[in-house]
């Protein structure tokens, strides 16, 4: 294993990237650009959710109730309707995310303490906005009941400050406001850093398609040296992003960074080694660049996005898929990024994931080297 | 600007610049129907650029070129079906078989079904690939791939064919068979514009142009060019040690002891170009004998086009810049 | 004219036959991938690891533990005796939430105007499961709270129930995640398949040097483009059909609207994406560049399908931008027809915008492709 | 670099051949590309491999470069067994593939440097060796120019230089001068001749017969078999009869006329002249000239010419096919 061979191939590969403007920009800045875009796109602070109201009661109380519900900037009264087929049309066209139907006996039952006859219909195809509307209507309803009923309750000798006697004290560690962006972005770093793996798979197929591989095979360069030489430039590209991304995340998006940067940098290098060796494995088997992309799209990119626990907790996945996600470097790295960024934990806790990444990287490269025959046919 | 009416190709002041580098520098030439027109020059002298301009693939920065009476800015479709082209870089599909490549070309050039079968057989015969139609193109040897590309460019009965180094890497027998075939095609009125590095093939051309660094330096029939450019006569000999003989005679040339213009190795033979060869012949022989090289059989021959090509290339400040 | 176009399409199909990895991955691989991802992600969030520190050890505290267990959302870790275990587990990310029941919880529950408190600690490092855990605990707290109210103020349970608004969910009765996320995943797969094949059309020929001889043939660039596009359209439709079939039978995603309309609009959408792919394939000089662009464009579009987050929650500029992304409108159409049974009368805006985008992208790509081909 | 004197080439007793094959065979998809090849090449030989297209030239070179598995038979290259020690052979050989593609985005110097690293050329000698090679190949002026900006001839010379950077004992070149103009071809072969005189063993396949003439030994491959293997002079001698070079005003008509004349063994076209093989030059030359005049053609030039490799190749191949 001669370092000089590896460095020769690395230098050639770097020239290949540097000397072609568009490739350079695409290879270097796609991860960062995507992360910025996602960070903005994933800032889920729902407000002014459009709702419609169908008020059968039309009483003074019901009108006040509707006014109180749409007062804040959470919900916006999109339309006051007076028939069910109007409701259906609005929901069908998705113009409103929820519909509040007030029962004719609303005022009467409320004051007679017989209940708060309300009905909410939400658009099941957008559960988040729907759920958001239901929660807010519920809270407003509670406030309204307390205002209206407090004195009446006293007169009946009922000591009641609210219908929810249990005092639930909630604290969210590491992400107090539970803003999804704070943990999604560290998670996305593992997905976005998968991009260089794609390029490695392509460059191997490129050499094969252009006949330069035959030339390399005639030299004493060994298979492992060739593969490592190909991997290093893209690990470097990845590491550049490993520096740029946290800077953007912390400065631009004020994502809390409680861990140590050198640790994060080191662990990211190991992750890049693992995910890029996956790219090499794909590159070794695929005859053309197109098929190399197709396979890396199916094996690296897509699973890296869905199955590594960024959007969907792995614990809730079926057993078989939980096993599969163990083979994805992204799974372990997502835990590392979140751990370093939010929880601020150190190597003493993260070492199992680091070891796992290293094992994955070494085994992928070994298999790739094994199957990368130095023979044309 | 007079465009000769019956010429298939007319180029007037044709120029193409890439940034500050002028690949083709104001060239004029005409090519007539039923003629093999040779376009010769070292690598990088503008041959391929000129062909690309005639195909409408590149737009000239100055001057014009007419193909089949149409000014070539963007070859209209109907003209293109009367033109054949074989590019220098192999441009058939490696992953398709021989037959599939030919079928695609035939259909793409809009041949009718009954014609397609006949023309494919013709092309297979021309390439000598009958019986091997189902072989993948990438599995063919270099020379065979070249012959396939060659026959593919004739499949749609073009009136004019541009061949960019058609026989590069093809063995001598098939090269000759190919040129015999070109002759039979030209007899039917097809016009052929060909570039080649085989100077013996260039002799087959009816008219030629030598191009050097984008400029035409010689133009006419092989005989005109030889007569015009070749001042001395050619002495051919088979010395015992050809390589050493060339060295010795080059020293004589540089030291101007004898008016030798050119000394060149031709395989195991040596060609010496000098004026009044009868008189200088003996002196040249003595020079070799002094360096104990036996000059072997010596005879004064008519200059071949290769002698002329090399002499004129050397004359224009050496080679390859 | 048509025979020439068809000859190019046949050639493209032959390429696919020889490089069969590509169609195999994109079609079968695509469907299997969607199956895998659908199976993994479109299911309710369940068995989140939870730790409970019960200082009270009373009947009512055990009642809460059992209630939490029955929700299925949690997977209760072994019994915990001190706060340090919880702290360590949270740090290691081994649990998503922890519940602490204070010592006198039982008595507070029993006494007339007691103030029972519960405290929940959530692992904010994973906000999505944390929010789900919070919602579930809140649900349990509200149920138990209602029982107390009934006891304390002697209100009949059914009247108390009538104080909670009754909820009805349209178009996705069981609020199954599958009906929500699968259409977006299907849209993503489809778009990547089309963009990839479209980007491949010219970039490969340019790189391998065969484009020149194609341009010399008596084919207008339009004929070349159509010839090369037909296989992509066929593959796109095949991919759409097989994936739709799979999700319908495996995840029983309903087709409540008109299938015919869906297929026609799928065809329109494919043409629009094809236009984008063609521009990518001509803009990039090498296949490497083309594929990186495909990834980039594909990811950007995916963000606007509302998969990761609803478009309404996005910043204003992005919401406006979403209107210019064909994929966004396609998802509206896809969800509209599949889940809402919406017809043309409802979806005409999206269809109209998609058509405009199609025409714009189409003319731009045609002109751009033709200009750069000559 | 001074041209060494040709006398130095050692012609002492033939030592162990540097390349030796025993019934080397390679099958490729139903066809036998190389068929039981027995080749023996001494060190310092400039061995030309010629043959019709598809005769197995490229496959042979790829086998010897260790790029293809051997179907059967065996071979020793530079003292190593090809089957088991292919990797050990590689530092000893310089291989130039038929479609040798340099790295376009690298400059001349960078391409050389790249291969120098792969072949472990000691750093101390690198710059001195590179300058010598650049001068040798006439590329000194263009050392910082990108490979794709060089002309065809210069690219081939750079490709050759890349295979020479580690001063290999053996050079395996697969049609190195295809598509190169006559002037650059001659320069290229002057370089090869100097290397040959320096003692480097060169095995080169070529479609150009004049290049085969410049080899010290020529092997003719036909359908994967080695048909003849001898010095160019001996191969040229295998041409039966004498060669007449005849120029007429219409070579096509003259071609069919002469073919039918008595004593004419073979007629080949070469440029606009005809190369006619006859049993005896003195007897047949006058007969042919008369026949040409009688048939209304003018004979502009007729002489007895030395048989060249091209004629030898064509007649040998015809003999194989008849």
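Should a chain be cited, it is by its letter among A, B, C and D, assigned in written order, with residues numbered from 1 in that chain.
What we mean here is this: a contact is a pair of C-beta atoms (placed from the backbone, for glycine too) under 8 Å apart; a residue touches a chain by one contact, two chains touch by 3 or more.
Given the structure is predicted, the values throughout are model-derived calculations rather than measurements.
Student: Give the chain pair, either B-D or A-C, that is connected by more C-beta contacts.
Tutor: Between the chain pairs A-C and B-D, A-C carries more contacts.
Student: Between subunit A and subunit C, what distance separates the C-alpha centroids? Give it in angstrom.
Tutor: Computed value for the inter-centroid distance: 11 Å.
Student: Express in whole angstrom the distance between the two chain centres, defined as the mean CA positions of subunit C and subunit D.
Tutor: Measuring from centre to centre gives 63 Å for this pair.
Student: Round to the nearest whole Å and give the separation of the Cα centres of subunit B and subunit D.
Tutor: 21
Student: Which residues belonging to subunit D are in contact with no fewer than two other chains?
Tutor: Residues 28.
Student: Out of subunit A, which residues touch more than one other chain, so two or more?
Tutor: Touching at least two other chains: 20.
Student: Would you pick out the residues of subunit C that each touch at least 2 other chains?
Tutor: In subunit C, the residues touching two or more other chains are 19, 208.
Student: Looking at which chains touch which, would you call it a line, ring, star, complete or other?
Tutor: Drawn as a graph, the chains make one closed cycle, so a ring.
Student: According to the definition already given, which pairs of chains are in contact?
Tutor: Going through each pair of chains, those in contact are A-C, A-D, B-C, B-D.
Student: Taking the complex as given, what residues does subunit C use to touch subunit B?
Tutor: 3-4, 6-8, 10-11, 14-15, 18-19, 208-210, 212-220, 374
Student: Tell me, which parts of subunit B touch subunit D in their complex?
Tutor: The touching residues are 41-45, 88, 139-144, 146-147, 165, 168-174, 176, 179-180, 183, 197, 199-204, 222, 236, 238, 241, 243-244, 247, 264-269, 297, 299, 301-302, 304-306, 309-310, 313-314, 319-320.
Student: Could you pull out which subunit D residues touch subunit A in their complex?
Tutor: So the residues of subunit D touching subunit A come out as 28, 62, 65-69, 87, 90-91, 93, 95, 97, 99-101, 103, 105-106, 110, 113-115, 117-120.
Student: If you look only at subunit D, which of its residues touch subunit B in the complex?
Tutor: Going by the criterion above, the answer is residues 3, 6, 28-29, 50-55, 57-58, 98, 138, 150-154, 175, 178-187, 193, 207, 209-214, 232-233, 236, 245, 247, 252, 268-273, 301, 303, 305-306, 308-310, 313-314, 317-318.
Student: In the complex of these two chains, what residues of subunit C are touching subunit A?
Tutor: It comes out as residues 19, 21-22, 25-26, 29-30, 33, 36-37, 39-41, 43-49, 75, 90-93, 96, 112-131, 134, 137-138, 141-142, 144-146, 148-149, 152-153, 155, 159-173, 175, 177, 179-180, 185, 192, 196, 200, 204, 207-208, 284-289, 291-296, 299-300, 303-304, 306, 308-310, 312-315, 318, 332, 335-336, 339-340, 342, 346, 349.
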